[in-house]
Amino acid sequence: MNNLARFNLAKQVKLYITKGIQDVLRLNSKLKIGMLILLVISALAILEPVINQAILGPISPITPGIFKPLLKPSREHLLGTDLLGRDLLALSLHGLKYSFLIGIVAGFLSSFIGIVIGFISGYKGGIYDSILRTITDFMIIIPTWPILAILATYIKFMRIEGLAMILAIFTWPLSARIIRGQVLSLKERPYVDLAKVTNLSDFEIIFLELMPNILPYIGVGIGNSVIGAVLAETGLEVIGLGPGNIVTLGTLLNWALGFGAVIMGNWNILIAPVLFLISIFLSFNLVNVGLDEIYNPRLKKVTGE
Amino acid sequence: MKRRSLVTWLLTRIGWYILTLWSAVTVAFITFRLVPGNPIGAYVTQLMQQGKYEINPVEAEKLINEYKKTFGLEGDLLTQYICYFKEVIFHHNLGVSFISFPTPVQVLIIRALPWTIALLSETTVFSWLLGNIIGIIVGWKRGTKVDSVVTSLALVFSQIPYYIVAVVLILLFVYITGTLPPRGAYSSTLYPEFSLTFFLDVAYHAVLPSLSLILVGLCGWLISMRSLAVSILGEDYLLFAQAKGLKEHRILSRYLFRNALLPQITGLAIALGSIVNGAYLVEYVFNYPGMGYLFVTALGRLDYNTIQGCVMLTIFTVLTAILLIDITYPLLDPRIRYGGE
Amino acid sequence: MEKVKLLEVKNLKVYYNSIWGDYKSVDDVSFIAYEGEVLSIAGESGCGKSTLVDGILGLIKPPGYIPSGEVIFEGKDLLKLSSEELRKIRWTKIAYVPQGAMNSLNPVIKIEEQMIDSILDHTNISREEARKLAISRLKEVGLPVEVAEMYPHELSGGMKQRVIIATAIALKPKLVIADEPTTALDVVAQKGILQLLRSLKEDYGITVIVVSHDFAVHAQIADRIAIMYAGKIVEVGPIYDVFKNPLHPYTKGLISSIPVIGKSYIKGIPGLAPSPLNWPSGCRFHPRCPFASEKCRNVEPILKEFNSERYVACHLSR
């Protein structure tokens, strides 16, 4: 049995490496653009300390009163400064870093919960499935954002991990549903029956037979969760309910709205947070759509594979 | 025989509805009570900090108890729970609000609801119709230039949160062109009445909020309609319809649109059911006096009863909408029969 | 008895564009279907049979495309017709019984409505007359009248297949192309459907092209058979002659792999079917052919006349 498992594993790994390389070589254009934007955003988020060091030196970008307030964009301040005399470019990069970080941590956490629950629900079936599916559907049906907002209202100060955790608790059901559906359909395939007949353990079946086929959907699930988490977090911040100690893109929008930047037409205050947010949402979505187009079973059917 | 199974199915479905409704409101209720921090304490502290009242700690304690009584926070969790729902069910009373004390929450909700319903039913229906029509067309013409341009644009727009579009629209129309009003539901010089002037003023104020909701909503419906259409185009029965040499309009309307529309109808019903939510952030950005604005204001002031009332109402309408869809769906789709297999 | 050409396929190619390269599903196929015969197209799954049918009917969708070839029906090249001209020929002249009849009926519309749709779009008769015609066709294929008022999910697989055949003969076309008409049906239903298809030729004089991987189907129904392998036709001939005396090594392999009562073992063809992404050089069957020579590896054989009725594409056949 062990030999068969090892053989299968080697086969799978080889298949996935070759297939992966082929995919990367002939990427779908949506996936390509999405990955490119994602790469730029991640680079900006990761390099934020370096860039801000270059712009501001050792001062934190959120310290008020460093420069004159409300400067127009210029050579020194590419986007100008805000009401409290902070450099808007540095501030926006700072916000981007935290929005992105929270989104990624919450997204992965939420997909992890979703994957575990989706797998148990789809693979085990029976009573496990009934219970987990009821909970999942329930979470999808009830309006979770208000409840999230209420929680956030009372928890004024929290660490990024805590915030990500709370966001994850409210965003996992969608990926659980996707994964469950996939596991259910894959479970019926002949090769899984074959694996069962050859006495592979559940663990081996899940990791050798099911997991590789579900990988693209896990990717899609993570993308959706990240989008959901960033959306929820920004929403909270915009109405001023986010944790006060973390400055994200949503916080910047809240400040801009509170100051009346929109009405007074201070586009320079808004432009970077708005563009960064759109880029985050767009990049993950493009990657998702691209993955879907590549792994869509209908496309495979057409090419006769 | 058939009639009996239909009745059994209906009863089960309604029983399930009541059970879900009960658990949802209970979960929501408990969430409110479990959140750390004591809202009344916070409120009293706030009052004291504002220096409105000079109160010593003993009197503060008394005041807190007094408030607890007014706001239905007396006794243990179970007592509060029973008390709250007794009031809600038998007296349609959602308790007293903080934000405009001592107005009861239901009065605030009834005041806000018409604005939200007017704004959101109009935008939801508009964006649904437009999105579906454009979606089916680009789905049918998939792979063409038009499709790729429209779909890419829609993909971008559907990913932008409503309030960001709102902000951009305000920048464009208010700051740059100065043509449209940026906030409120009607001019402050007017008073709500049934007159053409007032109605036109309301419509004028609704242009920007509607536009931001429709732009994003439409793109969402468009994307989902297109992907439904594309997946149905791959179905055997569509290929067969083409092999039969049917006329294009017939294939489009009877074979493609009819099948693609079914899931979208569910989506529309859920969207209409969630209308009472209000569009939190858009209403906030535009100071539009609807449910979303009420909810956000209540959140900002930690208005326990109002928040609770809004959430309970939302849960109720969303679940009721889903129940209604389930009951009407078999009329639309012959494959689904009451009582299932 | 003079044979009249009804359909002539000349050097047809159908490729699918994919991110891994072109799938050459149908690669240079030529054959003729005569009036009033049942022609079978046989081959393993994945050899391009269904794609060939889609190509003939003009149902190829992106990413599929037709790089070259002609499909001549009653003197006109179907591939050169405008979509409206093609639409008019469909169903009045050429009808199609698709693979996967299970899902070929619109799930949300009544059976009679679906039949009426196809009648109304090709004739000038009234809706009421169309309904009468649809119901009489349902009776002709052996279905009860009540079926007209039903939805597809209320019917069994065999009944759905009959509905589709009834729809196909609604306007008495000259040619019916049936793609795997018996897959997914039980044995009894299969027999009924085959008899029905055979009766199309005998009772109405309709030419029938049947595509199947199942030799039992061809043996029961066909007049002539064309064997397809790896996107090409390798052998054509009257069914009896081909079964009795197969010329191509692949046909030989196929026929010896048909289970026969009394024989204790079945001889299969060694090796795997090649991928349409990368066909073998020379004769596409050479990696699996026990008689392959150096020439087979390098030179592609063409379909040549063996005698007045039989054609084969093999270097070894004399």
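Assorted remarks:
In this document, chain identifiers A, B and C correspond to the written order of the chains, with residue numbering beginning at 1 in each.
Operating definition for what follows: a contact is a pair of C-beta atoms (placed from the backbone, for glycine too) under 8 Å apart; a residue touches a chain by one contact, two chains touch by 3 or more.
Treat the numbers as computed from the prediction; the structure is a model and nothing was measured.
Highest inter-chain contact count (C-beta pairs) belongs to A-B.
Closest chain to the protein centre (all Cα atoms averaged), using per-chain Cα means: A. Chain A and chain B have Cα centroids lying 24 Å from one another. Measuring from the averaged C-alpha position of chain B to that of chain C gives a distance of 53 Å.
Averaged Cα coordinates give chain A a centre that lies 49 Å from the centre of chain C. Looking at chain B, one finds that none of its residues touch two or more other chains. Within chain A, contacts with two or more other chains are made by residues 302.
Only residues 57, 59, 62, 86-92, 95-96, 98-100, 102-109, 117-118, 121-122, 151, 153, 164, 167 of chain C touch chain B when the two sit together in their complex. Chain B meets chain C in the complex at residues 143, 235-237, 239-247, 250, 254-255, 258-259, 262, 333-335.
Chain B meets chain A in the complex at residues 20, 23-24, 27-28, 31-32, 35-37, 155-156, 159-161, 163-164, 167-168, 170-171, 174-176, 182, 231, 234, 274, 277, 280-281, 284-285, 295-296, 299-300, 302, 307, 310-311, 314-315, 318-319, 322.
Interface residues of chain A facing chain B in the complex, by the touch rule stated above, are 138, 141-143, 145-147, 149-151, 153-155, 227, 231, 234-235, 238-241, 253, 257, 262-265, 267, 270, 274, 277-278, 281-282, 285-286, 289, 298, 301-302.
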